[in-house]
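The letters A, B, C and D name the chains in turn, as written, and every chain counts its residues from 1.
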Amino acid sequence: MTVTLLPTDDTTTRTMQELYRHLHAHPELSMQETETCAFLTRRLEDLGLETFRCGGTGVVGILRNGAGPTVAYRADTDGLPIQEETGLDYASTARGTLADGTDVPMMHGCGHDTHMTVALTLAEHLVTHPTAWAGTVVFIFQPGEETGAGAVAMLADGLWDRAPRPQIVYGQHVWPGLAGTVDISSGVAMAMADSWKVTVHGRQAHGSQPDQSIDPIVLGAHMVVRLQTVVSREVHPMKAAVVTVGTFHGGLKENIIPATAEFTVNVRTFDVEVRTRVLDSLRRIIAAEAQASGAPDPMIEVLSTFPRCYNDPAATQQLIDELGGALGTNCVIEVPPVMGSEDFGLLAEAIGVPSVYWMFGGYSQQTIDATKSVAGNHSPHFAPDSEPALAAGLTAALTAILSRVGTPGGAA
Amino acid sequence: MTVTLLPTDDTTTRTMQELYRHLHAHPELSMQETETCAFLTRRLEDLGLETFRCGGTGVVGILRNGAGPTVAYRADTDGLPIQEETGLDYASTARGTLADGTDVPMMHGCGHDTHMTVALTLAEHLVTHPTAWAGTVVFIFQPGEETGAGAVAMLADGLWDRAPRPQIVYGQHVWPGLAGTVDISSGVAMAMADSWKVTVHGRQAHGSQPDQSIDPIVLGAHMVVRLQTVVSREVHPMKAAVVTVGTFHGGLKENIIPATAEFTVNVRTFDVEVRTRVLDSLRRIIAAEAQASGAPDPMIEVLSTFPRCYNDPAATQQLIDELGGALGTNCVIEVPPVMGSEDFGLLAEAIGVPSVYWMFGGYSQQTIDATKSVAGNHSPHFAPDSEPALAAGLTAALTAILSRVGTPGGAA
Amino acid sequence: MTVTLLPTDDTTTRTMQELYRHLHAHPELSMQETETCAFLTRRLEDLGLETFRCGGTGVVGILRNGAGPTVAYRADTDGLPIQEETGLDYASTARGTLADGTDVPMMHGCGHDTHMTVALTLAEHLVTHPTAWAGTVVFIFQPGEETGAGAVAMLADGLWDRAPRPQIVYGQHVWPGLAGTVDISSGVAMAMADSWKVTVHGRQAHGSQPDQSIDPIVLGAHMVVRLQTVVSREVHPMKAAVVTVGTFHGGLKENIIPATAEFTVNVRTFDVEVRTRVLDSLRRIIAAEAQASGAPDPMIEVLSTFPRCYNDPAATQQLIDELGGALGTNCVIEVPPVMGSEDFGLLAEAIGVPSVYWMFGGYSQQTIDATKSVAGNHSPHFAPDSEPALAAGLTAALTAILSRVGTPGGAA
Amino acid sequence: MTVTLLPTDDTTTRTMQELYRHLHAHPELSMQETETCAFLTRRLEDLGLETFRCGGTGVVGILRNGAGPTVAYRADTDGLPIQEETGLDYASTARGTLADGTDVPMMHGCGHDTHMTVALTLAEHLVTHPTAWAGTVVFIFQPGEETGAGAVAMLADGLWDRAPRPQIVYGQHVWPGLAGTVDISSGVAMAMADSWKVTVHGRQAHGSQPDQSIDPIVLGAHMVVRLQTVVSREVHPMKAAVVTVGTFHGGLKENIIPATAEFTVNVRTFDVEVRTRVLDSLRRIIAAEAQASGAPDPMIEVLSTFPRCYNDPAATQQLIDELGGALGTNCVIEVPPVMGSEDFGLLAEAIGVPSVYWMFGGYSQQTIDATKSVAGNHSPHFAPDSEPALAAGLTAALTAILSRVGTPGGAA
């Protein structure tokens, strides 16, 4: 099937930009995407899709267009607690509240605004070109990707009992590559990720009486330092693993040694054995360092567990061929897996169908040339060049969908 | 002069308990003691004292009783950002807001409620016994002792231009000793204290891309660890020094390596040379550890500097004798200086008059026997036995004042 | 060419075993292989080869057999300062003296004894089968592989001015795999390795006077700890790097804080950019940690630099095919590069000819089954099953040589 | 008694200098003082004293001079494994062998050469002035002071069964003060000292295979770092404690992760409770850090335990008065206890008699003025100005002895 439908006209571009700017300016935190969910639902219903809310702040849109295969496309919807520093005139000034009550700035710092924009435009395009395809497309607007809570929540809320089951699930992510290019891995595509919250218990005392205390900040600092040895000494040098302590919080006043400190740790691995060893070593080190301080056993809470994101090799090869036709073969690059994590893979795995996930570039050549190093995802400066990025993202998504649905009155 | 005036009657006890419970239940944070200030002012004015507000939330009450010496008595008024866990039925449930906007619980965790109660009761007693003494007593209700901001603020606000200058300044502090006993040092009584806020600058990146980051949490942890060597290796083993990192905060999300982390450090020393070496070493270590990470120079802000609290030896000896008469000689214990710090000393030093500061016990023998180790100041469990503690505190304060004011119609 | 010459007869086996046991029992330290060199020279001359001593304790044997290609085969000759704990009846009890005068035990803990045994047997076999091949084989018995000093020394001593230049250089290494199998990489085969000696300068003082000292042991310990962050935080998680502190020595007496401490660090990388970053970070951390202690700049001496070991892809493919024929195709395994390092690559690189290097298994299936985890190279328990290991090593070496020399009276 | 006997004549000075230079040039290691013991024995016997060898390399000389009290005087005899860097023409070039076989330089780096010189000269003086005193003086030349092994060894070898029991035991030590001055403490005079050797067990592997190892150097470094928190966080800021890791040794080769590392730790405390807490914390940290590495329990061996050195207050006061008469009252300074340790105290404690120990200055005013900071004990530059130092040391020792022996034909 030739992709003759590419939506490069001015109207589509204008609409996409408006959508994008609106979504960019209104980020919401993971599993709190209430306004976003309402906005998406309204849009989908305006286009005539069936919708249902699923997994709290998720929404599913179903587009039926006669007999034919069913294909699912997933876009994630949550923003991040980052203070935007892009200087864009539609930059976010929104603030939200973390689960622990902390007031934080919010930003679409991981590009989920582009994902939603592409998905809505894709829906509109398929609605307005009913003769170009046949079958059913399920649009999954998933909340809580950043926390790994969203896919699980949608599945638990009966996603596949309420939506038609697809033959394949597609998804994509913007990243700081050249707009117009796609990076794709066959097999394991993204890392497993495990996040824990560790609460270190010490004994509070006045700052001048360390001998009366068990200092949880000194203890926590030794844990952070000691955790570095897991990657440096315990993981095979040719195996990938990351152990990041993303937060560390303890104490309210400089002259009080607090009773507790807490930190979060985020682990990335590709290999189940490596993951097991790393997590075991974390537990061992955390427990032993507490003992070294004469402190009680720290409390470890699992915050999230991201599964591996696995691209079905056959479906991936087929998509590479299709995307090569649409974008140019030298714009579709097969890459090794990346350290990032995703809960996308769960959606297909839950019903035993293949899925494919890829990265699409977000920056123009001009921006790349002008900047020594463009801002990456989760940076306060992350600002894709939305025109070329969205156009290419839409092309890729449309290509993927059309490669699997049927032709009207004919075979797929 | 014999202390025949000791207010041991039931009314005084009842009044003191009511005052104490009210004040205990309503702590406020340093330099935010607005309600406390209003309450104290009302009470002082009800007693007929002249008052003026000074240093923001401080208040001064002047009690004139004919010709005679002027004596100043200082009580501090601020609470702490601690979640009270005493289980008392008048425990604080109040919450306040730190300068950085953090919402925190509040507690009179350092006994300043007892100090205010004693001072108000002392004022009432002197007012109701005008024939027992002559002269002027200046009651200084100082805010912001915990942050070292209050004495400086009152002096800057013209304390001694607006109040009569005293021949001596007295002050006392409750601590977890036996109620009825007083601990007092001659000469240096309390440590110098220096508090800094250190902001560590790294480079933000996604948690899966440590090589793109300069990790400020790992850097900060190494600083905390390395700072331990200042006391362990750089200070003469027989000289006292404390380096406490009371707070450490960095990061908002487990999968983002943040751009910065910040910690506060509190240093206690008795000796000017030791102080200089410790502070120099802190600066050296903080700068070098940042270099070890390839990070920019951290920012160091001085939060507070507490001077030495110096008890005039002659005045101290005189007071020891007087207190021995009032409390029993074996209840007045001369002790070496303590590691705690105070800005009390500044009040007298600013006008070149002597001052004396002492500790009074807060726990009954019964409590001490029943508890393996009674809760100390700044503990969430700090709960003096208010009846004996307040009675003894009042006795000590009254004894001190009466030892220096005059007798009606006679010499001091 | 079919390998019909495989030396599986009893005499060869017996001779190899005798050779092996003798060499195993007489290890010598790197660049001190005097007795080994004399032994090898005698053996080579007994076989009628021309020999010359080269690079101190290296020896070259030249076997000419008519017109034809020239092929070089290299075996390394040095032992290690390890106390052998194999319990073998021919275990080494030898002791040697390190450059700094330390008396140490010695052991062929890396299997160079098997390499020499194979090479000598190979020479004997070629000598005794002159009609089976034509051309010249250069046997390079290289000293000092463990320290990276030997290949450089032989080249500097005119190796290729004194020996015929080959069309290719082969070499192999025993490792704890199954005897009869060969592991081989195409392209980069082994890591670059850089070793440094770091001398940390402090200030000596009595153990009771830390404040008079700059403690080089505490400083060195902080360096070791801080160096862990290079791999854990600075290297891309999917790039390989190892930073090992192999030795740390400081102090003579428990109650003297010494003036200096010294440690050695060994770095492994595959990628030139990674190597540069790691070495830069090491220098940065070592310098900054000294500053954190107020210590003088440490002294860094480069002990050795191992280049990459690069297997020519075409020559490797050809050898894989030949070895598959000789050992069975499922016994020749193409593997990713290993973290070990070698100076073998220099020998060919110096004259711009290809080289190929592979690993041959050292343990029988029986041993592998009986042992939970067989002892690896550099372990005090390293003890290959010499019969199958030597037979397979000889087969592999002979196959390689014969694949490149000529046939008598014919083309290669 | 007036000290009219002060040996200031030229002959004494010359003899003392010769003795001193000989002893300085011939240091021996602790408990290996064979030559020193022989030299001392010969000298004592030349003077006509009874002698017996005691505690291995110790020697006792008994000088009887009629009826009267018995007084003991102790001098220690061992040198240190330090490379002398004084540049003196009689500097030591001797080398010795530690218990573990290490060849080391040797130096009288703690001034025990001055102690022996003073004691021998004192003996000669008393021998040559028999009419000036009456009674018995026991000269104890004790080996192994540096290791804490000597006093115990002499006692175990029957010191007080073989020598007359004294009424008091005296001893003194040179230190970097002004020659002619004496520093003396009443009560606790020197710290308790505990030395341990800690052997850390890891798992050996090739330097490129950290994941196969348990790295004992990284583990040991974390222990050294973590031990800093004992003094910085666990000891009351006004109590003295020192935890020094004086040696750390692990590894033979930069590319082998060794199986073990070992370090020694030396602890100084004055207070039994502090000692208990520090030693408990050391054990706790060492065990827990091994667990953090997944390593076996380290082995802890006690190397030495120095008791407190306690100066009998009454005897000290009497000596202060006598020394004030001999040296000038402003040259006898009562000081707080020092962090150094001694096994001297055991000698008197074993038989329940009082003892007094003091420090005598070793440097002239000229040297002190010329040097920014004179070299202290255990420094490779330690070089007392022997003329004034020995004269003053002799005066002090003679004064002490004469204050307690009797007068001929009269009462003590």
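The rule is simple: a residue touches a chain if its C-beta (ideal position, glycine included) is under 8 Å from a C-beta of that chain, and two chains touch if they have at least 3 such contacts.
These numbers come from a predicted model, not from an experiment.
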>> Going by the touch criterion at the top, tell me which pair is linked by more C-beta contacts: A-B or B-C.
In response: A-B
> If you take the mean of the Cα atoms for each chain, which one ends up farthest from chain A?
Replying inline: D
>> Measuring centre to centre with CA averages, how many angstrom lie between chain A and chain B?
In response: 50
>> Can you compute the centre-to-centre distance for chain B and chain C, using the mean CA position of each chain? Integer Å is fine.
In response: 68
>> Residues touching two or more other chains, restricted to chain D: which are they?
In response: 208-210, 215, 218, 222, 225, 228-229, 232-233, 237, 242, 268, 339
> Which chain C residues qualify as touching chain B in the complex?
Replying inline: 208-211, 213, 215, 218, 222, 225-226, 229, 232-237, 281, 284-285, 287-289, 291-294
>> For the complex, give me every residue of chain A touching chain C.
In response: 225, 228-233, 237-238, 240-243, 268, 336, 339
> What residues of chain C sit close enough to touch chain D in their complex?
Replying inline: 80-82, 98, 101-104, 146, 191, 193, 195-197, 204-210, 212, 215, 217-218, 220-222, 224-225, 228, 242, 244-259, 261, 263-266, 268, 303, 338-341, 376-380
